[in-house]
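Each of the two complexes below includes chain A, the first together with chain B, the second together with chain C.
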Partner chain A sequence: MKDFLPDAERLPGALPAWHASIQAESLRAVAQKAREGKARLVALWASDETTRGAGYAVHLALALPAGLLWLSAPLEREHPRYPGIADLFPCAARMQRAAYDLVGVHAQDNPDHRKWLRHAAWPGGQFPLRKDFDADARPEPGEDHYPFVRVEGEGVHEIAVGPVHAGTIEPGHFRFSIVGEKVLRLEERLGYKHKGIEKRFEALSADEGARLAGRVSGDSTVAYAWAYAMALEAASGVQPPARALSLRGIALELERLANHLGDLGYLGNDVALSFGFFQFWRLKEDLLRLNHELLGHRYLMDFVVPGGVARNLEPSALARLLDALGSIEREVATLRTIYDEHAGAQDRFIMTGQVTLELAAQFGLAGLAGRASGQAYDLRADHPVPPYAELEVRVAGHIRGDVAARVSVRFEEITESLRLMRALGAALPGGELRVAVAAPRAGQLGCGWVEGWRGEVFVALDAAQGGRLHRVHPHDPSWQSWPLLERAVLGNIVPDFPLVNKSFNLSYSGHDL
Partner chain B sequence: MYHLLKQIAKTGIVSERAPQADESLRQIGQRLHDAALKHLGRALCVRHVDAGSCNGCELEIHACNSPYYNLERLGIRFVASPRHADLLLVTGPVSAHMETALRRTYDATPEPKLVVAIGDCGCTGGIFGESYASRGAVSKVIPVDVAVPGCPPAPAAIIQGILTAVSSASGRSSSAASR
Partner chain C sequence: MNQLPGIALQVLQSVLVVLVAPLVMGWVNICRAWLQNRSAPSIWLPYYTLAKLFHKDAVIANTASPLFRLTPYILFGCMWLAAGIVPVLATDVPFAPAADIIALVGVFAVARVFSALAAMDTGTSFGGLGARREMMIGFLAEPAMLMTLFTAAFISGSTQLPTIVETLAHREFAIYPSLAFAAVAFLMVLLAENARIPVDNPATHLELTMIHEAMILEYSARHLALIEWAVAIKLVAYMAIGFALFLPWGIAPAGDWSALPLALAALGAKLALAGTGLALLETLLAKMRIFLVAEFLSTAFLLGVLGMLIHFLVR
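Coming up: the complex of A and B.
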C-alpha cells in the first residue's frame, strides 16, 4: 500500500486496511491511478467536520490488491465541492448524488445532478447529515418532482411499477420503456426506505450502534453486525477471542446458507416450478428453527456483539448443527439434479438477464452477482481475517453472467459454506466468548469489511468523545449491483423481470439507509 | 421427472396446525360486524406493504408461505393489488418517503378492510424511532386493528395476528368461555 500512496497509515485491527488524507485536488489523480491498478470503488460518502473546526469531507473506500484504502479529502466550509469520479468509477454516480442529498457536498462534473435519496421528506438546500440539522425536525413535505429519462419513438410506451410492488418485496420504483414486450430501458428510482439510519447512529452510543447496524438490511444482519463490530473493535484496539471469531464465521455461513436456500426456492417459483419453492423453503425453515433453538434467533440478530458473540454453541448443540447440515447437503444435491435436468426451468434461466464480464468489471461488480460474471472477488479468500485465514475458501465462479450463472453460484456456495462450517466446528477454540470494548478516543477511525451472502458489506466508523459516534457509514453491496440490474434486463421481455430481479435479490433498505 | 416425483413422495405433507387468534394483539375495537366477518370467513385476500422495514419482517412473511405454515390452506392468500385485498399487512417503521404510498394503498383498499401492523418497528417505530425520515409506528399514518410485535415476529405470530383480525366477536366470547 505504501507503493500506492506513501502517506497511507495502517489502521488497527486484523483487516488489511489503510487510511490517508489527501487534498481534494489530487482526488482524481489518485482515483485514476487506482483504476489503472484494477482497484474497485467500495464506497463513497461524505461527512460534516464543522464541529471539529474544519469544513466537510468526502471519503472513498477503494479495494486494492493489498487491501482496503480509506481516503478522506477535506472540503471547505463554504460551497464544499470536489472533482467527481463517476467517469472513472461509474458506480460512484449515485453515491455522489446521495452524498449531496445528505451532506451537501457537490461533485463537479457528475453527469447526473438529480437528487437520489431525497424525495419530499426534507427540502433541497437542507442536509440531514449536517451537524446543525435537527434529527427530530419534521420539515414540511414538499412536492416530489423527479425527471425520469423518456424514451421516444414509434410504439414505445412506459410501464411504471412501484413503490408498492405486486409481491412481498421492498419498495422501489421501476420505470420500463418498452416496445411490444421487449425492454428498451429500465430506470430505477430508490430512496423510498430512507429512514435516517446514518443520522440515528449519531444519537446512539457505540455499543447501542451494534443493534442498529444489525438492522440496516435484515437479511444480512450477521454481516452488518460483524462489520460494525470489526470497525468498533479496530477503533478501540480490541481483539475478540478466537472462539468468538469462529462462532461469527459459523453464523455468517448460516446466514449465507439460509438466504441461498430461500433464493433458490424463489427462482424455482418464478419459472413456475413451485415444487422448488416448497422444497427449498422447507429446508430453509428447518435451518431457521435450528438457528433459533441453538443460537437464540431465527436470523441470528444480535448474535454478533462488539467484543465477541452473545451466545455459546455447546458441544451437543454443535453436534446437532453438523448433523442437520449433513441432511441439508444431501437434499440440496438431489434438488440441484432436479433443477439441472428440468428443461423448462433451464430454458428460462439460461441467457436471461445477462451481465457481461466487461460490464461487470467496468461497474466494479463484486459479491455473488459479480462472481457469476467472472469477477472472482471474495473477501474470505482475498483478504482472509480470522477465522477464515486457514480455511482456504474456494471462490465460486461463472462467466456467463445470466440467471443460470447466479443460480449455479448459489449452489456452489452452499457446498462451500457447509464445508467451512464443518471445518470451523471441528476446530472450535475454547476460551472466552466476549471481551470488554472500551470507548474509542475521539477521532479514532475503524473499518469493517465482511463478505456477506450478497457481497461486500463495509462499515466506516469515526468515533466521537465519550463512546459516541461522530459518523458511521454502512455500505451495502447493492449500491454496485443496482445499476447493473438496469443493464441486465435490456432486450429481455417484461415478464422475465421478476426472475432477473430475484436472481440478484438486492437490498433496498441497505441502499436507502 | 422421476427424481422430482420421488422427492415429493419422500417429503410427504409437512404442514403444521395453525395457531389460534390472540385477543391481546388487538389495538382497537373490532371494526367489522359479524356479518361482514362471516362473508370474509376464511377466504381472505392480503396485500403486503413494506413501508420502510429493514426487510427482516419480509423474510418471515415469506416464510408464512412455506409448506410448514402453508397459509393458503387456511384460505388466506397474498394478492397483487390493494383493490383485491381485505387486509393490509404493513411492516414499518413508516418512512417519510413511503407515507404517501401507504396512505394511497389504504385508500385504494375497498371497505370493509383491516390492517395488521407487523414487527416492533410497525408497532412502535422500533430502533429507528421517529425522525426527519421516519414516521414511526404504522398507526401514526393509518388505523391499525392488530399489531404483532417481534424483531421479526415468527411466522406463527404473523398468522396469529391475521387470524385475530378476522376473528369475530362471537368467536371471541366462545373462546373466552372455553378458557
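Coming up: the complex of A and C.
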C-alpha cells in the first residue's frame, strides 16, 4: 500500500485498511493509477466538515490487492466541487449524483447531471446531509420531474413498471424501451426507499448506531451489523473476543444460507416451477424458525453488537443447528439435481441476462453476481479477518455470467457455507461473548468490510465528540450491480426481465438509504 | 312434444357446467398443492373468491370506454354458449345443431377478440402487451385446434359435435392412430388456450411475464368475477370437448334418461382425472420462453395435420 500511496496511514483493526487525505486536484490521478492497478471502486460518498472548521469532503473507498484504501479529499465551502471519476469507474456515476443530492458536492465532468436519490421529498438546492439541514423539517413535496432517456424509432415504445408492483417487493421504477418483445433499453429510477438513514446516524450515539446499521437492508442485517461493529471496534481500538467472532461467522453464513435458499426458490417460481419454490421456501422457513429459537431472531437482527455478540450458542443448541444443516445439505443436493436436470428451467436460465467478463470487470462488479461473471473476489478469502483466517474459504465461481451461472454460484456457496459453519462450530472457542466498547475519540476513523450474501458490505465511520457519530456511510454492493442489471437485460425479451432481476436480487433499501 | 326432454337436458347441462366450473378449478388447485407438498386450500375457494368479488365495488379507469364494461359479460356469454354446444352429459343437446365445431372455434375467437380489445381500451402498457401476446397465441392455436377437430370430423363424417360423439362412442373399441395424434395436439392447444403452464402461468404476480393476466389487470369486482368464472367455464368446456372427442364413453345416448346418472358419474370421474392430469403437467413443467410458444403450437398443428393424414392412409 505504501508503494501505491506513500501517505497512506494504516487504520486500526484486523482489516487491512488504510486512509489517506489527498487534494481534490490529485483525485483523478490517484483514481487513474488505481484503475490501471486493477482496483475496484467500493464506494464514493461525501461529508459536511463545516462543523470542524473546514468545508466539505468527498471520500472514495478503493479495493486494492493489498486491502482497502479510504481516500478523503477536502473541498472548499463555497462551490464544493471535485473532478468526476465516472469515466474511470462507471459505477461512480450514480454515487456522484447521490453525493450531490445529499451533500451538494458537485462532480465536474459527470456525464449525467440528473438527480438520483432525491425525489420530491425535499427541494433541489437543499442538502439533507449538510449539518445545517434540520432533520425534523418536513418540506412541502414539490414536483418530481425526472427526464428519462427516450429511444426513438419505428415500432419502439415504452413500458413503465413500478414503483408499485403486483407482488410484494421493494419499490423501484423500470422504464423499458422495447420493440416487439425485445428490450432496447432499460432505465432504472431508484430512491423510493430513501429514509434518511445516514442523517439519522448523526443523531445517535455510536452504540445506538449499531441497531440502525442492522436495519439498512433487512436481508443483510448480520453483514451490516458486523461491518458497523468492525468499524466502531477499529475506531475504539477494541478487539472482540474469539468466541464472539466465531459466532458472528456462523451468523453471517446462516444469513447467506437463508437468502440463497430463498432466491433459488424465487428463481424456480419465476419460471413457473412452483415445486422448487415451495421446497426451497420450506427449507428457508425451517431455518428462520430455528434462527428464532436458537439465536433470538428470524433474520438474526441485533445478534451482532459492538464488542461481540448478544447471545450465546449453547452446546445443545449448536448440536441442533448442525443437525439441521445436515438435513438441509441432503435436501439441497436433491433439489440441485432436479434444477440441473429440468430441461424447461435450464432453457430459461442458460444465456439469459448475461453479464460478460469484460463488462463485469469494467463496472467493478463484485459479490455473488461478480463471481458468476468471472470476478473471483470474496473478502472471506481475499482479506480474511478472524474467524475466516484459518478456514481457507473456497471461492465459488462461474464465467458465463448468465442466470444459470448465478444459480450455480448460489448452490456452490450453500455447500461452502455449510462447511464453514461446521468448521466454526467444531472449533468454537470458549470465553466471553462481549467486551465493552469505549467511545472513540472525535475524528477517529474506522471501517468495516464484510462479505455479505449479496457482496461486499462496507461501512465507513467517522466519530464525533462524546461517543456521537460525525458521519457514517453504509454502502451496499447493489450500487455496483444496479447499473449492470440495465446492461444484462439488453437484447433479452421483456418476459425474461423478472428472472434476470431475481437472479441478481439487489437491495433497494440498502441503495436508497 | 318430444323436444321437451331435450330442452330440459339442455338447461340442466348449461346450469351444471356453470356451477361446476369453479369446483374444477378448486380441484386443480388442490392437486397442485398436493403435488408440491403443500397443504391444500379448500375446494370451495374459487366460489368464495367469486362471492367476494361480486360484493366489491368496481373500480374503472377514467379512460375506459363502454366496451371495457361490456367485455366481461361477452366473455361469460361466449363461454356459456360454448359449454352449451358441447355434449357434456348426453348426445341430444337441442342447442348443438346451432353451431358445429367450426362455429365453436369461432365462439372462442369472439371472446378472444373482445378481451384483447378491452385490454387495450384503458391504454395501459400491460394491457397492450398482454393483448399482443394473446393474439399471437390465438392465431397459432386456432388452426391447430381446427385440425384436431377435423380429424374427428373425418372419422364420423360430420362437423356436428353430437354426431361425432355418437359415432365415436358407439363404434367397437379400437385404437385409432389418427385420434392419438389429434389428442396430443388437442392437449397442447388446451394448455395454450387456457393460459396454463408451460405457455402462461395463471398464478404469477410478475406483470412482465403475464399473457392472460396482463389483459385483465385493470378489472376488479364483478367484472373480474365474471372473467374468472368465464375462465373456469372455458377450461371445463375444453375438457368437455376433449372428452367428447377422445373419451366419449359413458355419455347418455339420445332420449335415454335412465343413462343420465351413469353419465353424471362418468363426467365427474373424467373431470377429476383431467384436473389431476393438468395439475401434474403444471407441476412437472416450467414456463417456456414466450417465443417457444410458436414452436409449441406449430408442433400441435403439425400433429393435428398428421392425425388427419393418417386417417386417410389407414382407412
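What we mean here is this: the second predicted complex is superposed on the first by the 513 of 513 C-alpha atoms of A that agree within 3 Å, B and C clash if a C-alpha of one lies under 4 Å from a C-alpha of the other, contacts with A are read in each partner's own complex, and residues count from 1 in each chain.
Rule of thumb we're sticking to: a residue touches a chain if its C-beta (ideal position, glycine included) is under 8 Å from a C-beta of that chain, and two chains touch if they have at least 3 such contacts.
Quick caveat, the model's predicted, so the values are computed rather than measured.
Engineer: One more residue to check, A:84. First (chain B), second (chain C), both or neither?
Structural biologist: neither
Engineer: First (chain B), second (chain C), both or neither: which does A:181 touch?
Structural biologist: In the superposition, A:181 touches chain C alone.
Engineer: Looking at the overlay, what does A:497 touch: chain B (first), chain C (second), both, or neither?
Structural biologist: second
Engineer: On the A-aligned overlay, A:120 touches which partner chain: chain B = first, chain C = second, or both, or neither?
Structural biologist: first
Engineer: Is A:167 contacted by the first partner chain B, the second partner chain C, both or neither?
Structural biologist: A:167: touches chain B and chain C.
Engineer: Return first, second, both or neither, reflecting whether A:158 touches chain B, chain C, both chains, or no partner chain.
Structural biologist: The second partner, chain C, only.
Engineer: Between chain B and chain C, whom does A:341 touch in the aligned arrangement: first, second, both, or neither?
Structural biologist: After superposing on A, A:341 lies in contact with chain B but is clear of chain C.
Engineer: Report for A:271: first if it touches chain B alone, second if chain C alone, otherwise both or neither.
Structural biologist: second
Engineer: So, A:200: does it touch chain B (first), chain C (second), both, or neither?
Structural biologist: The first partner, chain B, only.
Engineer: Identify the residues of chain A that lie in both the chain B contact region and the chain C contact region.
Structural biologist: 166-167, 275, 278-279, 282, 342
Engineer: Any idea which chain A residues touch chain C in the complex?
Structural biologist: Residues in contact with chain C: 157-161, 165-167, 181, 270-275, 278-279, 282, 342, 344-345, 347-348, 493-498.
Engineer: Looking at the complex, which residues from chain B come into contact with chain A?
Structural biologist: 3-4, 7-8, 11, 14, 48-63, 65-68, 78, 80-82, 93, 95-101, 105, 126-134, 151-152, 154
Engineer: Where on chain C does chain A make contact in their complex?
Structural biologist: Listed in rising order, the residues of chain C that touch chain A are 32, 35-38, 125-126, 129, 197-198, 201, 203-209, 217, 282-283, 285-292.
Engineer: For chain A, which residues count as touching chain B in their complex?
Structural biologist: By the definition above, chain A touches chain B via 119-122, 128, 133-139, 141, 163-164, 166-171, 191-197, 199-200, 211-212, 215-219, 221, 262, 275, 277-279, 281-282, 284-285, 288, 292, 298-299, 301, 334-335, 337-338, 341-342, 507-509, 512.
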